[in-house]
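One chain, subunit A, links the two complexes that follow: it is found with subunit B in the first and with subunit C in the second.
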Partner chain A sequence: MKEQSTQAFKKHSKQLKTMHGTSDLLAFTLPALILVSIVMVIPFCMNLYYGFTEWNGVSSNAKFVGFNNYKKILFHDPTFWRDMWFSIKFGLFYVVIVNILSMAAALALYRQNKITTLGRAFLFVPFVISMVAISLIWKFILTSGFQNIYEKTGWALFGLSWLGDPKVAFYAVVLISVWQNIGFYMVIYIAGLINIPTDILEAAKIDGAGAWTTFWKIKLPLLMQSVTICLFCSISFALKLFDIILVLTKGGPANATCSVAYNIYREAFMNYHYGLATAKSIIFFLLCIIITIVQMRITKKREVQL
Partner chain B sequence: MNHFKKKFPQILITSIVFVCALCWVYPILLIVFNSFKSYKDMMTDFLRLPNIISFKSYIETWKLFDLPHMLLNTLFYTIIVTLGVVIFAPMAAYKLARTNSKLSKFIGVILILPAMVPFQSYMITMTRFMANIGLSGTRLGYCISMIGMGMTFAVFMINGFVKTVPLELEESAYIDGASKFQTYWKIVFPLLVPIITTVTVLQVLNTWNDVTVNLLMMGANQETMNISNALMSRFSSQASDWVHALPGIVMATIPNIIFFATMQKYIVEGVTAGAVKG
Partner chain C sequence: MKKFLSILLAAMMLMSLIACGDKAAVTDADETATSASGEKIVLHYLDAAAYGVDEFDAMVEQFEAENPNIDVQVEHIANDINTQLAAKLNSNQLPDIFATNTGNETVRYSEYAYDFTGNPLLDKLKDSALATSNHTDGKVLSVPMSFETMGMLYNKDVFEKNGITELPKTISELRAVCEKLKANGQTAFAVAAKESWVLNQLSTHFMVPQDPDPEKVAKGLLDGTYTMDTLKNFSGLYDVLDLMIEYGPDKPLEYDWEMSETALVNGDCAMIQMGDWCYQALKSFNPDANVGMMLVPTSENPDEAFLQNNVSWQLNVNKNSKHVDAAVKFVDYILTSKPGVEWFMRYHGSVPSAKETYGFENVNTLASSAAEYADQTVRMLQHSEPTEVMNGVGPELQAYMLGQTTKEKSIAAIQALWDSVAE
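Presenting the complex of A and B:
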């Protein structure tokens, strides 16, 4: 009887070994592999080559020029560094503002009742609307809407040329990005807040800690995992800022709102310097990876385990 | 009373934030109000409610800009792309999680690592490559690029989930004589439904709202562009035709709002899961 079952077991495990063989692996992953290769892997490898060429987009016309493109970008292309500075400045403003506001919203709305549920939904709505609709909505409000309010009230804030003045346009882009995305970060912070065990909070209350102390000494340290995630997401959003520029400002006025991603787009599809643009996209890629790794290293250290 | 006193600051804060949240959606409401106004009212009485609700400009926009066609295009793309991702990603993610060999690790790297690469760093060569293989400007080409880009993230998410699904069920089904594909389709796939729902919801939002890829693949082709691309190409130029732009924005956004209202729970869950795992 025992022998029989061991035999059966051996037969089964033999059968199970064949369940996940190499040919099955290929059969199950092949469609995904083909799609990802066509869309991402092959183009990315092409990037590496075309970054070393002078290229007008027609593949037979690529001329190998060595490191010339990279030299040009690093030493003779002020627009790339101007736009890099814009992206960094935008990133600083956006990351700080969106994280503070969304954390405040999360702290106020994380308890579950009817009012907070509705409030959360309101804050989240802009996130599900397309970037094009968002940009057009704000274009209308910032141009003709604000003009109209200014004529009635005379408040200088509304009289500013929000999309026409290079200095103000920067803040308009920050404002709209924050407005659209706050719900997203709030939801992540709420998930973090819900995970804080209530007995810790009660213990703090009994020990006489006020709301302020509780936040700084207990909630924030335990929220560091959510902070890591939100910082990661907001930094990568800032680096990749593109759609909103494309629809709202087209990089203007006077190139004041041109992001790195938009710079690459312009170099390729408007100036037709494909070789130069691919070199720029390699630099852009490296920059994104480096910033991400540095940020993860720094914030991971601050996470607290219970 | 004492109880109320204790609770009062919390209630105060919540109501302040609630009012702020109301202000947060106010810009959207303003657009809806103004979309019913005539051009003159829009320019002179921006903040006032419309005097009469007139659908004249809605009907004009609907016909003039061929909105039904654009909405159908977008719906078509959303369905095909989401189906593509939902059919192929779980298959790959499941086998990757269950196989432990050098080859499977290599495939895993190819399928999951690209999720870290920002789109703008390969968009140029992607459009050129698509043109080289004759897919540029076609519906098929657009769907393939969207599926490919959605694939890496979906495989990553599902791969993590498969590891939590117990092996016994599929093993016994297989030993009982089900074929490998049957085992996957009848036993494993139903167990993956929670994570597939998440992936589906995120993919639908992504595809419906996409503008960059559509612009790069389709350009300004009226026949094949999606709704976001159409809105952009018509209304983002300098001199804007707001009388038609505002109804256009509202009509293009209604599907998003309906989707959000009905799927709110899944969207919020999906976004959180996606961010936490990504």
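Presenting the complex of A and C:
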């Protein structure tokens, strides 16, 4: 099925080329290309340069210091690696939990009827709200809200200091991120599930496969394309984690919830080591690239084509 | 709710930033057009005041009425002004006049700042205020706005209800007060321990007993004359932190400044660490609250309890501005004119840096309550701290409050912050 469509696409694009020539194609891509280079490529190249300087973000001359910033980060900055570890730990929890839950939600809600539509809407709404607003709402829930529930019920879970205890605060951040994003991944999984041809599922049913076997042997292998996308999105979200931290915990208590992105922000805009922060962001960028390439390689291999 | 509103406003501000690009271009255009014909000068002013904003705008209108050839465009940014200012600078839109935090924040802008040396405006300001200006290379690169004082705030009604008539000046007196409150079922402290800046401010109270001159202490810590473990009374900080945990709320590290101030005005706690700048906020949380300021005890010696006072904000004039003279005239108006001084004292609630106060009375009762301790008030140390230390002390003290580290390790970690800057 997929082969057919790619063939059709190739044929179509060939026609396009012969009909209008490359100049037309260029005309279509150029605006996007210009925009991307203005907001991404050029700033990135400037960042490469500032990574080699000592600059406070205000002064008119940035002092060139060679690889000093990189040396400092690699050998003399334990906070960067502490926060890197936080981001990786957060990533592990977040990616696993959010993907399992959103897939479960998708399996429960992919058939179209009134109840599932309502369910999908409920799960998707948090994704539409801004992260800052969500963090503020949760700040209220976790502090006064949980406190009131605790006083009424006496359940220890609600009596915990959700934002004041370093260990618990970590799970609070995971909880909120998962809650907000389930809807997004659920939609991708639902799209994948709808695309599974019903004849295969019927054939499996006739052959006597139960719901469990159908999921593991048919649905999951055919969903691998969605899994690749969802893993990619969730890993990059986890690594970039910033806004919840800024609003909800400010990296605290005692730096327990400081993500790499927040560490870089602090270095640049609170400590005014703009050059150092830039170097950190470049190291971070390289690590992200490596992680996503590895992930794409692994999951791509498992994708099944019909 | 207030936080929510401020975030909402910040979001709107961001939106307006996008719109501002065009607007600035437009005003630039008619600026050149009109100043060529000698009609109207447009001044851009970036302001950091969080309170009395409407009254400030009214004062500006009065200035414009007196100077019909000048049009002042004020932009109020109460949150995160430093980032915004750096962004404006790097997009070549540094305002003609802008406010910065005293200390490093102001010094960073030295190369863009107009030199006030010899300006008659300086004669109208108090010497103690001028001492806080940016004196890089012996110049006067900024002018001071108004004085603010910090120390321990206490709820007078709660103290009275619990029969506490004498304000504590030593740590053991403070402990006695806490015990008395506890016996009556009253929480003593609700310090905003979530805010790293509040904990840092608290820590500086235990650094000033070494020397009332903050620059001397900071310099000594950088060149190794002083160390944190031998700094006079610094270990007292940990005794007070112990009290704040023992006699504080169940979840001390969840308290941000808003929760802390709300707890104080509602009598849910008796004392917090804060400054007189929060007067308007306290009033908005509970208009009937009766709050006073008291010294921060640092040892068993009552003479070593202090308040810290300083000019927190400086005004800078962009020396590359097309209208430097008009900008200086406006700065002079804000700081020393009758409407300007009235704004500071009646609407902003701070002590102006001008000598002449035109007989106005300060509405800020915290400021007047602090004034009673004039002989035990020293200059704020936080403005002499390197930024890395200022941001680093809070998390270290949080770790202590959580029991993750000991007093000795915590002091060593703070020393390491100073050492990392000295390198």
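Assume the second predicted complex is superposed on the first by the 266 of 306 C-alpha atoms of A that agree within 3 Å, B and C clash if a C-alpha of one lies under 4 Å from a C-alpha of the other, contacts with A are read in each partner's own complex, and residues count from 1 in each chain.
As a convention for this text, a residue touches a chain if its C-beta (ideal position, glycine included) is under 8 Å from a C-beta of that chain, and two chains touch if they have at least 3 such contacts.
Source: prediction; values computed, not measured.
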- Task: Once the structures are superposed on A, label A:136 by its partner contacts, choosing first (subunit B), second (subunit C), both or neither.
- Result: both
- Message: Touch test for A:166: subunit B only (first), subunit C only (second), both, or neither?
- Response: second
- Could you look at A:266 and tell me whether it touches subunit B, subunit C, both or neither (first, second, both, neither)? second
- Message: Looking at A:57, would you say it contacts subunit B, subunit C, both, or neither? Reply first, second, both or neither.
- Response: both
- Query: Given the touch rule stated above, what does A:203 touch, subunit B (first), subunit C (second), both, or neither?
  - Reply: neither
- Message: Contacts for A:254 in the overlay, against subunit B (first) and subunit C (second): which applies, first, second, both or neither?
- Response: second
- Message: Tell me which partner touches more residues of subunit A in the superposed arrangement, subunit B or subunit C.
- Response: B
- Message: Counting contacts the way the document defines them, which residues of subunit A are shared by the two interfaces, the one with subunit B and the one with subunit C?
- Response: 57, 59, 130, 132-133, 136, 247, 250, 269
- Item | In the complex, subunit C residues that touch subunit A | 3-4, 7, 11, 82-83, 86, 89-90, 108-109, 111, 194-196, 250-254, 259, 387-388, 391, 394-396, 398-399, 402, 404
- Item | Complex interface listing, subunit A residues touching subunit C | 56-60, 130, 132-133, 136, 143, 161-166, 247, 250-255, 266, 269-272
- What does subunit B use to touch subunit A in their complex? 9-10, 13-18, 20-22, 24-25, 27-28, 30-31, 34, 42-47, 84, 87-89, 91-92, 94-96, 98-99, 101, 103-104, 107, 110-111, 114, 116-126, 128-129, 132-133, 144-145, 147-149, 151-152, 155, 170-171, 174-175, 180, 183-184, 205, 208-209, 211-212, 215-216, 227-229, 231-232, 235-236, 240, 242, 245-246, 249, 252-253, 256-257, 259-260, 264, 267-268, 271-272, 275-276
- Query: Given the complex with subunit B, which residues does subunit A contribute to the contact?
  - Reply: 12, 15-16, 19-20, 22, 24-25, 28-29, 31-33, 35-44, 46-47, 50, 57, 59, 104-105, 108-109, 111, 115-116, 118-133, 135-141, 144-145, 148-149, 179, 182, 184, 187-188, 191, 211, 229-230, 233, 236, 239-240, 242-243, 246-248, 250, 261, 264-265, 268-269, 274, 277-278, 281-282, 284-285, 288-289, 292
